[in-house]
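Naming follows writing order (A, B and C), and every chain is counted from residue 1.
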Amino acid sequence: MKKAISVIMASIMVLGLAACSKSEETTTKATTAATTAAETTKAAETTAAETTTEATTEGAKEDTGSLIKVGIINNDPNESGYRTANDADLKKMFTKENGYDASFAYSLKNDEQIQYAQTFIQNEVDYLLLSAADVAGWDSVLQDAQAAGIKVILFDRTINADPSLYEASIVSDMNKEGQTAVDWLASQNLSEYNVIHIQGVMGSAAQQGRSGALDSKAAAESNWTIVKQQTAEWNAEKAQQIVQSVIDSGTKFNVIYAENDDMAKGAVAALDAAGISHGVGKDVIVMGFDCNKWALESLLSKDWNYDGQCNPFQASYIDSIIKDLESGKTPAQKTIIMDEKGFDAATITKEDVENYGI
Amino acid sequence: MLEMRGINKSFPGVRALQKVDFTLRAGEIHALMGENGAGKSTLIKVLTGVYTKDDGVINLDGQQNVKIHSPQDAQKLGISTVYQEITLCPNLTVAENMYIGRGKGVITKWRKMNADADKILKKLDIPARATQQLGTCSIAVQQMVAIARAVDMDCKVLILDEPTSSLDEQEVEKLFGLMRDLKALGVGIIFVTHFLDQVYEVCDKITVLRDGQLVGEYEIKDLPRVKLVAKMLGKEMDDLSDIKSEHSLYDGPDADTQVFEAEKLCSNAGIKPFNFHIKKGEVNGFTGLLGSGRSECVRAIFGADHVISGKVKMNGRPVRIRNPLDAMKKGIAYLPEDRKNDGIIGDLSVKENIILALQVMKGFFKPFTKAQASAFADEYIKKLNIKTASADTPIKSLSGGNQQKVILARWLLMHPEYLILDEPTRGIDVGTKVDIQKLVLELASGGMSVTFISSETDEMLRTCSRLIVMRDRKVVGELSGEDLTQNKIMSTIAGGE
Amino acid sequence: MNKSFFRKITSNQMFIPLMALLLLVVVNLIVDPGFFKVTLGKNNAGNLVFSGFLITILDYGSELAILALGMTLVTAASGGQDISVGATIAIAGSAMLRVLCGSNSRPDAIQAPIIVAFLVACLVGMLCGAFNGTLVSVFKIQPMIATLILFTAGRSIAAWINNNELPIVPDPKFAYFGGFIPGIPIPTTVFIVLICIIIMALVLKFTNLGLYTQAVGINEKSSRLNGIKPTFIKFLAFVILGLCVAVAALIKVSRLSTINYSVIAKDIEMDAILAVALGGNSLSGGKFNIWASVLGAYVIQFLTTTLYKFNVRSDALSAYKAVVVILLVFFSAPKVREYLSGLGKKIASKKAGKRKLAGKEEIK
């Protein structure tokens, strides 16, 4: 009986993987199923990566070898709208038409990402593009890549490794994002600032950067008070509950500083339920990050006040670096910081929403 | 070689062994016989160190009064046991199973181990390779590997506890071959089994136990089957008189209708196809030693096991019974043998246990009201004199006899046409036993057909007008009228002479 | 009388959740009696609504209470738990949005009536339940292992249903289910829970679901011999849970009129199982008290809200729940219960003794 069960379970998994690897070439949908299924068993992990990569490389073999082979390791696109946009942007850039033969692997876990990287190295990709889940633990695998002549480009996130191990790093400066937002808030010249600070997953680069600027400002200015500082782990429902509990306890506040749009939305839902007005010229200032299209629309309708951009469109930067490297040039800078804006509800335009919304 | 003298062992409330003697000589196959609860397993557990004896002496191979306090002690002394259920690991290889737990050092020398194992397997003519995974071998071979493991541990006394119950005939033959080989090597074998034929095929001596006491030790040629059965049951052939029922027989106009007929009925529980019928108002029974297949027969009738072949008619019309619900809808009720695992639903109340079957019959969407349920429960608690604090007491807190009455009430509430009672009197006090027997006769004279199974033959004689006799999972005879005597039953059970 | 009264209370299934609730109430009363203040105010849509911590608890505990209903049945029948409820909420919610928004993730108006979307979600939820139920009842896989499949794959399936996009429902009416209906100051979720509870109560009263489920959970073999089909009962329990999941998904999605596949209803399965355990139900199946589970669900939400109020970091909440689990396991251990009831007897007899003494003195 046990045997029968294990056979059934195994076949379900294999079927799932097979289905995923098939759709891999054409759509982005099911790849995450492959990675999540892979999470269930260690044994399946490597096969997942292998099936996905093999499926794509086989198709490419019929073409010439002139395509540039890239292996892309990213976080789960379901994580947030930011990540979805980031993934879609990469998928749009690294196509056969643009001269690339790309394989994708997704995981939110560092150890799994490292395993995927090893698989890519074995498959002899030309470039390894990496958005690391965690800053540590990458040295040895990147050394392997270097030994195999594979060039590594980091995007979106940095790692703690010797800069000689990678060609370039394309990142958002989270500290700058935070600083821009706090500067904007300071420019509102309120008589006092009572801030509900809703943080992302503690320890993530985005959280640290965006929290840092606010923390130091609140410590420096006497009329800045953080009435509640709590992590909602990027989760709208949790943010809603947190703000609800502040409202229920009767604490006064006039600013909501949420470290992403989802959490800002949750906070606004709590405000709406309690009849607290928010937006331009209202009781509470609402601030979010990431520039989701729906968030920018809320800015346009003056329900929110500020949204800080975190630019997910790194593909074109990566593309130009690869082009440079192929033609023998070294990139001018090792670390490339992307242009990022902050949008004010008072000045935002319809064009901004279309251009910068994700 | 092995002598056990005056072994006593009691458990709280039970004297499991009373001054039992047992002798085993080298190169002898010795059958240990007795009905359930006779003390066979207790004796074996004392010998293998699972239990510590209260009293008595064990001499082994010239050593006087050896001490056996644990299974390890027994193994060191050369006493090995192979149980009914194989206690090896199916996912290890044959060789690993033979040497597991015996390595002296941490490092196992795989090659040597496999070579040694192969040597033994060859010597004993066991059709298995050392590197084969045990789970891929047949049950018989697994059993033999277990024996090989025991033999290799330099055993002088080998205990085989019901080794044949899950084997088919050919496999049994193979096992017997192995036993004879070991016998030739001078190993003393204690063989515990319920199969009489096997005893006469392979054993030299028989020791019979009954109610924790030694009945005697016999040469196989001195003890014909009939006598063996008599010794086990504890009835001398002649001093049993028939006890005729005092209840009147059912004599309605339809007394001759066959309520239930089965032709070549067979289930997947390992019984041979059998024919069976019961008339309205008749009480009949299945008899035979434990494990002879009597329960499996009635389970097949009720659809409790998966029925694989056979035709069934009720009141002359063909019907299909695929599961218990089908049987219930046709008016058949079945009180199972294993009250604890198959009968009661422990955490539910007496009331819920009583109404359960009728409730299921009535349907999922038509629950009884509280008042209805209570009325049913109270009626039968009174009728069957069930001793319980209240109808809402969980059934598991009742005594065995009262639990049995609750289950009986459950089925009587259904007003079945045909009632099957499998060991309704086991493990309950004498008073309740008599109550149940009386009740059976009363129901029958009211027109209910009843099949009654009991390990106690006199109970069967007292209640049944016809007995179907079973041996080794097949029907071997049918007794009625004048043939309904202890002598006749025993000789039919024993058979083969 | 004193003795039996004490025992009656401690042996009642509601005892543990009620004690836990009492403890939380007392702690909050001591720290801040304002915790229990309920005020009537206007929300941004201009409706009069009640607000306050108690309302928050009733509101946010709704999903958990609904899930606790189904989870209790699954636990009782199969002796195991469904750990895929969070993921299936994502699936059902995603299906609902797909129907409401069509293929366009940002429609100007809803593409189908809300009721249709809800029915589709129910169907999807029940299908997921049927999938789990089949694995458990037919293939006899342990419930935790069987539901692991949807637990891991569910959120990806949910994302796939909507092409990885995050649709937003434009119709403000859809937000009523997770918020307030104009003119009614009590959160709609409270009514949804009430409806679910009433339906469940009616089902338990007018069918034999309770009896069959308990019988199967206690003794499967014996139930079969009494004509019950254990396979079907287990299957049914999972399908009912699937329905509960769909209702919970409606509330969850409605709260924000959108969905986030990776975080919606995250870790809710553990809370639902905890609710069942807190309700004093045996996690190995058998007898159950569904209302105790519901109470357990609200106790968990009470705890969560209290901790938020005390500024406990939300990523530390699970640690506090772990403490509750430990206490629960400790207090439901037979040895501890024996000791406690022994202690109870002692106290009772001491009191009785004192009274006797007092009586004697009076006589003197």
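In this text, a contact is a pair of C-beta atoms (placed from the backbone, for glycine too) under 8 Å apart; a residue touches a chain by one contact, two chains touch by 3 or more.
All values reported here derive from a predicted model rather than from experimental measurement.
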item	value
Pair with more cross-chain C-beta pairs in contact, given A-C and B-C	A-C
Taking each chain's C-alpha mean as its centre, the one farthest from chain A	B
Chain A and chain B: spacing of chain centres that average the CA atoms, whole Å	67
Rounded Å distance, chain A centre to chain C centre (Cα mean)	33
Whole-Å gap separating chain B and chain C, where each centre is the average of the chain's CA atoms	47
Residues on chain A engaged by chain C in the complex (per definition of touch)	1, 4-5, 8-9, 12, 16, 28-30, 32-33, 36-37, 39-40, 76-81, 84, 201-202, 228, 230-238, 240-242, 244-245, 247-250, 262, 265-266, 269, 271-277, 293-294
Residue ranges of chain C touching chain A (in the complex, touch as defined)	32, 34, 41-45, 49, 51-53, 56, 60, 106, 139-141, 145, 148-149, 152-153, 155-157, 159-160, 163-166, 168, 179-180, 252, 255-256, 258, 260-264, 266, 304-305, 308-309, 311, 313-315
List of chain C residues in touch with chain B within their complex	205-209, 211-212, 214-215, 218-219, 221-229, 286-287
Contacting residues of chain B [partner chain C, same complex]	302, 304, 323-325, 328, 334, 336, 341-348, 352, 356-357, 359-361, 364-365, 367, 410
